[in-house]
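Chains: A, B, C and D, in written order; residue numbering restarts at 1 for each.
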Amino acid sequence: MTLLLAAGVHKRFGAVVAAADITIAIAAGERVSLIGSNGAGKTTFVNMITGYLKPDAGRIAFDGRDVTPLDPRAVTRLGVARSFQIPQLYGDLSVLDNMLVANACHDQRLSFWLPAHRSDAVERAERLLERFRLAEHRARRVAELPGGVRKLLDIAMALTGAPKLLLLDEPTSGVSAQEKFPMMDTIMTALGHEAMTVLFVEHDMDIVERYASRVVAFYAGRIVADGTPEEALATDDVRRYVTGELLAG
Amino acid sequence: MNAVVTILIDGLTYASWLFIVAVGLTLVFGVLKILNIAHGSFYALGAYAAASFVGWAATLKWAPGFSIVAMLLAAVAVAAVMAPLTERGLLRFFYGRDEVLLVLVTYAMFLILEDVTKLVWGTNPYFVSEPYGLFGNLHVGVQTWVGYDFALVALAVVVGGAVWWGLNRTRQGKITLAVIHSAEIASSMGVNVSRVYMAAFSIGIFLAALGGAFTAPMISVQPGVSVGVIVVSFAVVIIGGLGSIEGAAVGALIVGLARSLAVHVAPVAELFSIYIVMAVVLMFRPEGLFQRTQARKI
Amino acid sequence: MTRNRFWRAVALSLTSGALCAAAHAQETFKLGIVSFLSGQAAESFGVPAVNGAKVVIDAFNKGAAPAPYNKTGFGGMRIEPVYVDENGGATKQVQELRNLYDREKVDAVVGYVGSGDCLAVAPVAEEMKRFLILYDCGTPRIFEDNKLQYVFRTASHAAMDNVALARYLKARNIKIENFNLINQDYAWGQDSKKDFVLSMEKLFPGAKPGEDQLPKFGAGQYGTEISALMAKPADVTHSSLWGGDLQAFVLQAAPRGLFSRTQVVFSAADHVLPGLGEKMPNGVILGARGAYGLMSPKSALNDWWWDLYSKAYNTYPVQAPYRMVQSLLGLKLAVEKAMAANGGKKPTSEQLAAALTGLEWDSPAGRIRMVLGDGHQAIQDTAIGRTRYDAAKKMVVLEDIQRFPAECVNPPPGMKSEDWIKAGFPGAKGCP
Amino acid sequence: MSASTEDLAIGTAAAGPPVPPAVRRAPGRAGMLALALGAFAVLAAAGWVFPRWLTFLLTMAAANGLVSLGIVGLMRGGVVPFGQGMVFAAGGYAAALLYNKLGVTDAVGLTLAGGVAALLVAAPFAPLLSRYRGIFFAMLTLALSMVTYGLLMKLDTLGGSDGFNVGRPTLFGQKLPDDRVGYILYLLTTAVATLAAVAMRIAFDSTRGLVTLAVRENELRVEYLGGSVRRAMAMNFVIAAFCGGLGGALVVLSLGHIEPNFSYWTTSGEFVFVAILAGWQSVAAVFVASTVLEIVRSFSSAYFPNTWQLALGLFLLFVIRFLPRGIGSLWTKRAGH
């Protein structure tokens, strides 16, 4: 069944068209990779799904609900979580405390009494840290951690709310070539436990081929290809505009 | 009809005074991001210095017209003495700290300058009323206005114009605008931000002192003159939008007219007319009238 | 350097402050004196009053005051003054008063200009059972609303000033159909306005109040208010402005011709005359809150005081120092009377209070009599005059001075001043 | 109270020192309560032997500290109000009027009434203020407090600019004797302050408290984690108002007088100063800071009557310069080894 549905979504910033008639349906359990050169409209699309940007036209439905008018918080509460290209973390706090922030934010009970550091919350946080192989860093100040670890923490925090849809904005950007695959393995195994739908913006075609069940290619705000990695990466448009194997024009 | 004209004239003259007093405050905030409570103290220093300078001018047998020059020199002197002391000697140690913390630093400066002023000039009143008569009087219907008040209107226009021109038409000004926009970017482009800070703060002090100097002729200069102007000029720059020159002008006009209206129509409301305006404006324009809200980063 | 001295002071007082105060408590009389040393009331009231206290206490300790005040100090005890700044609000005053009594171990406190401060500190002295003299503040509320045992006020309250002002206008039969008002928007201004308006209703039934301006305290800029006053012509314009506000008002109103359009009357303006000099317009009718300064009566005591103060500060004393000296003279007599009753030993607060209750004494401003508020509130004569700048003397002089005996301008015992005015001044005696 | 979890962390941490947790873990509460009880016991005993002026000074410090405590709660979310005088005055006037007009004399009742009144005054503005940050939050609160000041100056029924006096309260139906009233009110004030400190500590360490800390650093991420920034800010403002109201009422009970200056901007400024001086880590530091300020003010005005403002100003600069993270940082640093 369809989890996310975008219909005729338009968005422009002045002269720049960031989204032109984006129409796409994503089924539960898919691992969709959004590819495209910089400025093709990938992150804009993600920002519109999460309600950070409002489309000029068109609608976005999640889990059968129109989420177009909602703000990021409301969308998050419906089960859409995201990570960031630049991890949005609390540098002065420890890894564990960052996880507890996520837990506290997700906590529905408005509570000035419930300790943030109570055992059940700590356990939940630690279980997630284990899954992301972050347990060893739990007490360290986030600002001191290497980029890859911070990326993982960023995603782990996003997962705290047990979302239905996870949006990863360039999970491997700024990560060295040899770290990339182990890192994606960690992420995917961490996600593997529950059948979670994942949408990830990615530049690296090796990653795309290995981890995506479906590829959606953007160019100048349009979808130029949509299919299995094999099909999509083989299309001329993708080879021309995204991977640059064919000369543009 | 006549009443309306009176209200407008009173509003305008009061607004001009407000603008001269407040414009330095908004400039300093724009550049250094400091809401300077000590602004009131510099105003007081300007008034006292003017008293002394005009006094000396008289002993030097200067023509009465030159008392205006003496008042200008007084403001310059205050800036020349106080800027190095306060900016180099104190404020720069706190740059980059939380802006509310900086407000407290200036509050401490205000307390200190209160007593320093008293130690230097004592508690006896000073009068500099000679210049007040320089521009004659103006008769309109039942009303008589002192020419000096209209001179202040002219001065406000000159000051406002000069600051605007300095910021938008000179190289130093453009650099300052860059710093106002973002000190980090500016310094990364090789701007000596610390020099700009020094310059802006000096000008801020000069403008505050100028306000005090040109107010001196119509008041008795004595302890306590500083307190009155602080919150009023705060209101003006907040309403206009912190850091915006044109905002300060508009804010001054709004406050001036609001007060004038209150005094003529409902004197009982005079006491808090200004704060009502301030609160209302802030509720509908959180950042003031002439401030665009910055977007959140992602 | 300042800080070192400061911390040493802190340490000292925290550890042994109590001890050393107690040590020489017998041969000295420690006197707390509270007035404005900073802020807007320092120039006009606080500092002149404190200056007055300094020279008079000095004279007392030398035994240089004329009889019956010629005993050294207070009945032989050296007077040791402790000065405190009244600036900073009533909350601070309450704390400082407690500190004066408990920490500095003063035997009595003389002070307070601000009505708010007086209202706040009176109950504290009462609760602590310690002796307190309010020397200046104007509000009648203190003794009209409460019965107090340890608190006294050695000067008339503000009702006198405006009643006298209205009576002066009557005595000079100035014709008044309407009058404007400009008073600061706080208790002093509001009360003064009320007393004046009520008095005018009785003395000039035909006169109607017109423009009623209420600039905020410390406004400094009066251009708009002046326009409003000019726009509504009136025979008389009343104001209780004082200090810097009053000076600014005069400086801004004079060139605009307000003083030539209307007879301006000030209820408490004598203290600005030395400073303003020729900038003070001629013909302004003003009071001094008593027969003070240029309106003080001729007497040996007054001459002594006048010279004492003028020599020290080369300017003549105005209302604030007069009010201070009259309270110190009263305190001196009370202490010595109480000592006599106490076998020559230093009296307790109770004995002091008993001695001052209902006391009468001569001051440079005339006879002070503690007759109101069960003998806790003084009444005194007052006077109103008219300004003229004397170019020869290079100073403002007061002419057409009219004196008003205390019973004429103060309510009789047991009657609230406001009711007294409303009732048409029953029992007023000796009015010109 | 080093919990096992942390020791484990030391064992395995690759490099860099472990940082103390931003908020205390649950087991900390028992210890904290014991600490609070101990502190109160010590204060109660000390008050018995202190000279009266010092007891009164400490009473004032504790009552004012309550207002600053509320400000600290807001500071943890990254905003500083410059108009807490408004809630301070609301609490004070509520208690004073209940006493004079309705004859309510019980000290505890009046204190709570003050807190509630301030809460009610502040609540309508909380949703609005929750949108404001930085200097604009400070200035809007300032404007509100100055409007309050103007109104209080005007309303003769509220005593006008002179304010009015409040008689001596009773406690649980008992009249308070002359010689002990100061000490009893001191006990009440310190008791309320201790309770408020404990409650605030619990709130700081709660899930909402952690969200507040997160808002200070990165609002957007909080929203993206499903947390409500505005609700957190609004709640903090209301809580701060309640604390301020308690403080205002307690000050009035001991002072016996109230006036519009309670809502003047300089009053608010001193509360902010105490909060900054204390820093946002420790609740105890707030009351230490408040006491330090009272002592400095009192002694400087006693020993340099002509330059006490100068002394106070130098002192402010001194602490801002050399204790940037506040007095609390003197001991909270050592919290996590």
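The working rule: a residue touches a chain if its C-beta (ideal position, glycine included) is under 8 Å from a C-beta of that chain, and two chains touch if they have at least 3 such contacts.
Because the structure is predicted, anything quoted here is derived from the model rather than measured.
Engineer: For subunit B, which other chain has the most distant CA centre?
Structural biologist: The most remote chain is A.
Engineer: Whose C-alpha centre lies nearest the centre of all protein C-alpha atoms?
Structural biologist: D
Engineer: From the mean C-alpha coordinate of subunit A to that of subunit C, what's the distance rounded to whole Å?
Structural biologist: 77
Engineer: Taking each chain's centre as its mean C-alpha position, how far apart are subunit A and subunit D in Å?
Structural biologist: 43
Engineer: Go ahead and note the Å separation of the Cα centroids belonging to subunit A and subunit B.
Structural biologist: 51
Engineer: I'd like the Å distance between the centres of subunit C and subunit D, where a centre is the mean of that chain's Cα atoms.
Structural biologist: The computed centroid separation for subunit C versus subunit D comes out at 39 Å.
Engineer: For subunit A, what residues touch not just one other chain but two or more?
Structural biologist: Counting only residues that touch two or more other chains, subunit A contributes none.
Engineer: What residues in subunit C touch two or more of the other chains?
Structural biologist: Only 38, 185 qualify.
Engineer: At least two other chains touched by the same residue of subunit D: list those residues.
Structural biologist: Counting only residues that touch two or more other chains, subunit D contributes 153-154, 220, 306-310, 314.
Engineer: Per the contact definition, I'd like the list of subunit B residues that touch subunit D in the complex.
Structural biologist: Within the complex, subunit B contacts subunit D at residues 35, 90, 93-94, 97-101, 103-105, 107-112, 114-116, 118-119, 231, 234-235, 238, 242, 268, 271-272, 275-276, 278-279, 282-283, 286-287, 296-298.
Engineer: State the interface residues of subunit A toward subunit D in the complex, per the touch definition above.
Structural biologist: Interface residues on subunit A, with respect to subunit D: 50, 71-73, 76-77, 81-82, 88-94, 96-97, 100-107, 109-119, 121-122, 135-141, 144, 157-158, 160-161.
Engineer: Considering the complex alone, what residue numbers of subunit C touch subunit B?
Structural biologist: 38-43, 46-47, 185, 211-216, 218-221, 223-225, 227-228, 230-231, 233, 243-244, 247-248, 251-252, 255-257, 272, 275-276, 279
Engineer: What residues of subunit B sit close enough to touch subunit C in their complex?
Structural biologist: Going by the criterion above, the answer is residues 2-3, 6, 9-11, 13-14, 17, 114-115, 118, 123-125, 127, 129, 132-133, 137, 142-146, 149, 215, 217-220, 222-225, 227-229, 259-260, 263-264, 267-268, 270-271.
Engineer: Under the stated contact criterion, what part of subunit D meets subunit C in this complex?
Structural biologist: Where subunit D meets subunit C, its residues are 51-53, 56-57, 60, 153-154, 156, 160-165, 168, 178, 181, 251, 255-257, 259, 261-262, 264, 267, 294-295, 297-311, 314-315, 318.
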